[in-house]
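Once you've had a glance at the structure underneath, I'll fire off some questions.
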Amino acid sequence: MHLNSQIETALADPDKKILLMTHIVLGYPSLEVNRQVIKQMVENGVDLIEMQIPFSEPMADGPVIVKANQDAIENGITVKECLEFAREMTETHSIPFLFMTYYNILFKYGVEDFFKKAKDMGITGFIIPDLPPEEGEEFFKLTDKYEIAPIMIYAPTSTAERMQELAKYGGGFIYCVARKGVTGQQTDFDEEFDAYIKKCRDNAKLPLAVGFGISSKADVDYLTERADIAVIGTKTIKLVESEGVEAVGPFIAGLR
Amino acid sequence: MHLNSQIETALADPDKKILLMTHIVLGYPSLEVNRQVIKQMVENGVDLIEMQIPFSEPMADGPVIVKANQDAIENGITVKECLEFAREMTETHSIPFLFMTYYNILFKYGVEDFFKKAKDMGITGFIIPDLPPEEGEEFFKLTDKYEIAPIMIYAPTSTAERMQELAKYGGGFIYCVARKGVTGQQTDFDEEFDAYIKKCRDNAKLPLAVGFGISSKADVDYLTERADIAVIGTKTIKLVESEGVEAVGPFIAGLR
Amino acid sequence: MKKTGYYGEWGGAFIPEVLYETFEELNAAFTQVKKDPSFWQEYVSLMSTYSCRPTPLTFAENLSDHFGGARIFIKREDLNHTGAHKANNVMGQGLLVKKMGKKRVIAETGAGQHGVATATMAAKFGLECTIYMGEEDVMRQRPNVFWMEKLGATVVPVTSGSKTLKDAINEAFRDWVTRMEDTHYVMGTVCGPHPFPEMVAWFQSIIGKEARTQIMEQFGKLPSRVYACVGGGSNAMGVFQGFLDEKTVELIGVEAGGKGLDSGQHAARLAGKDASAGVAQGYKTMFLQNDDGQMMDTHSVAAGLDYVGVSPILTDLWKSGRVRFAAATDREVMEALDLTMKKEGIIPALESTHAFVQAFKEAGDMNRDEALIINMSGRGDKDIFTIAHAFDDPSWKAFITQKGAEYAS
Amino acid sequence: MKKTGYYGEWGGAFIPEVLYETFEELNAAFTQVKKDPSFWQEYVSLMSTYSCRPTPLTFAENLSDHFGGARIFIKREDLNHTGAHKANNVMGQGLLVKKMGKKRVIAETGAGQHGVATATMAAKFGLECTIYMGEEDVMRQRPNVFWMEKLGATVVPVTSGSKTLKDAINEAFRDWVTRMEDTHYVMGTVCGPHPFPEMVAWFQSIIGKEARTQIMEQFGKLPSRVYACVGGGSNAMGVFQGFLDEKTVELIGVEAGGKGLDSGQHAARLAGKDASAGVAQGYKTMFLQNDDGQMMDTHSVAAGLDYVGVSPILTDLWKSGRVRFAAATDREVMEALDLTMKKEGIIPALESTHAFVQAFKEAGDMNRDEALIINMSGRGDKDIFTIAHAFDDPSWKAFITQKGAEYAS
């Protein structure tokens, strides 16, 4: 199923004023822990999960995710394992799963091969933070063919013009980066943020996801009615590190 | 009495085929040791003694004498003490005493004052290795007035012309440096040396002293008939250092 | 949709969306100055009063006679202010920063050379300055860190990844995406996203322009070959640009052969067989990476060559055969350094010495009426800790041990 | 009887007789080249292809504005090959040595700068080379010793006297009197017996010639004041010669004030009251000596200024009032160094920084339409051990302690 319609369906649920998307770094601390964490997430109402395939140069990530990428690679995670794990997840859980990774992982695998494989594994979207449309000729040709939604990213520095340009390429939803900087720092939700989200909305037809620094029920509440999807990234990684897998379920349950 | 006539007298002694001049660094290791060493030297037949007033920059000296200069200064020897010691020596012993030092000692004292004082103390000659005649205008004006013989130095590198030039200024004797280099290394007595001494003789009216590296009876024997004065420098300093003051007498006695 | 900054299939600008406008602005500013002859004039004038340009071309008569072949000329980038060609790029970007009205610069540094140059430029232009440097490099290159700090820069040790150059680049980007309005990222070599390769190559082209004029003056004709070491590739691109359009001039890039091309411990992207095409750090080029696309650890005695990627411009010139690539091992480098010091009284940086190695291998087979140019990208005295260590010098070790004991007590 | 090489009552050649012919030969050779314009041409050409001459004159805009007075220009001798003005003298004497057909050179060195320059020249000209260096200095300046050895020179630690520069000079003379036929003594500064002061001043005059042309080009008129640090006096004489005959240009020599002129721990011969006329090391000048004429211990944070004598030419210019003398204390030097690094991105040698101190004291009281020139005799990065130590830098100390521990284990 297309990510667009998956999201439409989810949003149609009258109980859900906002969807939740969470972030997992595959292989950190292990696929086994990922498996447990994802289970807890799904059981506690997460609507979408982006699974990051680790890359040695995670340029757009903050320290927590950088370290997770690095440890996972050091522990020997491979792209092949990530793909197989994805199949297991999509077969086990019915929510949409996306791959988040850097372009080199696709490029080195062979971009089309990677699409084909991801499609096989039941993945419905790709988030590639270092692939602007200008560089995505090959990539964007394949998204329709393999029915994988290319998630476009809006940033607070994006002009309306640029947003409209990006919108042309996007599928699934728009990932609105809540603030400048990398993942994992706190975001200030203020008037400037509101104006930014309004600008995003004005320049997008797809649902809006907001990520970077979302870590509490208060944050999610603030986003409700402003955005369609709240993205929780670094927070759950830190939670698993400090309180273990079991803490994830209650945390997620308490967000909405 | 003039150094010239002192030397003439000494050379007139039929028992002495060659005269012996020794070298003392004043204040090294102490004036008391100097006193004892000089006594031994005189009693065992030394004919002239050059007393070096220590200088912090003994450019023309080798390591042994350099160290002696330095230690003497560190032990606090002063020019005044050297002068007083000279008086004691000239009053105690009847052989001629010369001062050997670097020009700055005179310059700083006041050149004429220094001449006057040295004369008072009974000194009859000066050896100043860093004062070529070109720089000695003031100095050479005073040598006659104070009856202190300026000992000129010939070197193996001196041309006949240069020797004759130097001869014009000299008094007492000519100090022929036996070889290139500084004090304290062995000299090879060979044909080249013979030619050099012949050249010195041909270009000097004064008696010839040969110094630098003279350390044994064999050396002195070799010089006998070639030169008029054999100069023993570093050797006795090393002797006192290694075997004590008492070794000096027998050593000197055995040289001739 | 425009796809710019490509050299053949290499290059591009793989940047996070948040930097899109920053790059638009940078491209606009750069495009404008590049076509403004008065900017280049200003640049040359700055380099000739603040640094020592034109740097000399030195005829190495003793080395030439030693090998008995080509006449060896050395382009003396070591005589630049701060001791390497890095100053050319940095001062050029500094002028651009002033034009753009930014108040702060950031930079990555591996060996520390680019960090010192950037800190210097920042002091000169009154800019705030932060330098990212792998923690490993901070430890190895403490003297450079000391100078950066004394020049007023903040040096941030980078603890992620391999804690070396590539990680410092990532970290600089992370700074930039956080604070792009008032900050310019002074990329240190002809790598990274467009327009950096073009921009750095442009500023460094001053080397080749001068070298060409100088060799014509001093030798009366073009050289047969030009050698340069290749880390990111900036000094090589700098000197090569003086001769690119002369078919008779062979251009040779020399990479870090480390412990040997078969050892897995080297940084030869184009001269070896271990690299493959990839996209990282904002651009597409040949990277030393594994089958999954993860970057590998590299090794070289010369910190400045110890990098996983290489200029997309050079990769294109390699593909087209215009530039030939070779590698010099650590051991060969130490030997060539020794010979160069003793024969010419010149101390090339370990990086630069790689170029000397290859030139020495070939000079003897060339004719005496041919000339070759070696680009000496920097001076070696900055590397005393590495060089004295590599020569295993006992007095140096004793000196450091004693100093260390003094400080410890 | 000719008495040559005097400047007023200062100078001369107080040399052992064994060197008489050597000096005749040297005087003849020097006199000949001095009147041969093609020799100077050869010299300039060597310096512009092997070193980086003309060295730039840098306008220090930030410092000028900081003090709000005279426009400050810096003559950049730090950009010379080997990092200081010492190269000018050494390469010049090297050419002379080749003309005289000698095969070996010797030199004294204090800071090590002149030793490195001489070892460099010897490598370049294929000469055997021995450097005398006080044992204290060998210990303090190990990096320079390392380079001298790597350049092929033999470094002999001098254990006599205060084991510093003056003792190294004595020891070099002792070598020379032993082996003068094939050996030339490359005196490192405008001191020693005639013709050295004249010769070194002549080679160094290239600094002043260039600076004069450059200030006219860049500022349109002569500077009001020119500052230079004074160890032996060679860089000062070098730059001063460009302006000596211009009455309106005030010349200021800056000596090492060490811990203060009243502390007894300094090396101020002309700015202080502790020196008196004397004759040593082959020439007559003002020496720091006691009443008996024994040379005293001197002190400066800058090893290259830490010397008991001073150029007879400068002493004469001091007597006549043509050159004014001042002293900078160690503490003032560290402050001026810090300011210069942060404001201009330039790292002067500790020696050179003395000149900056005095210029900084005076710049603010001068008019904005006046210029002053500071001769930056060398670069400071060679001094990292001293500078980091003087700044009491904790990370540096930790680095050295750790390195030391590695080597010790």
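For this structure, a couple of remarks:
Letters A, B, C and D mark the chains in the order given here, with residues in each chain numbered from 1 onward.
We take it that a contact is a pair of C-beta atoms (placed from the backbone, for glycine too) under 8 Å apart; a residue touches a chain by one contact, two chains touch by 3 or more.
Source: prediction; values computed, not measured.
Placing every chain at the mean of its C-alpha atoms, the farthest one from subunit C is found to be B. Averaging Cα coordinates per chain places subunit C and subunit D 33 Å apart. Rounded to whole angstrom, the centroid-to-centroid distance between subunit B and subunit C, based on C-alpha atoms, equals 66 Å. Spacing of subunit A relative to subunit C, judged by their CA centroids, is 38 angstrom. In subunit D, there is no position where the chain touches two or more neighbouring chains simultaneously. If touching chains are joined by edges, the resulting network of the protein chains shown is an open path. Chains that are in contact with each other form these pairs: A-C, B-D, C-D.
By the touch rule above, subunit D contacts subunit B in their complex via residues 1-4, 12-22, 160-161, 166, 170, 173-174, 177-180, 276-282, 284, 287, 289, 291-295. By the touch criterion stated above, subunit D contacts subunit C in their complex at residues 48-52, 55-59, 62, 76, 79-81, 83, 119-124, 126, 139, 142-143, 145-147, 150-152, 218, 338, 341-347, 381-382, 384-385, 387-388, 391, 393, 395-405, 407-408. The part of subunit A that touches subunit C in the complex is made up of residues 54-63, 66-67, 70, 73, 78-79, 102-105, 107-109, 129-135, 137, 152-159, 162, 166, 177, 180-182.
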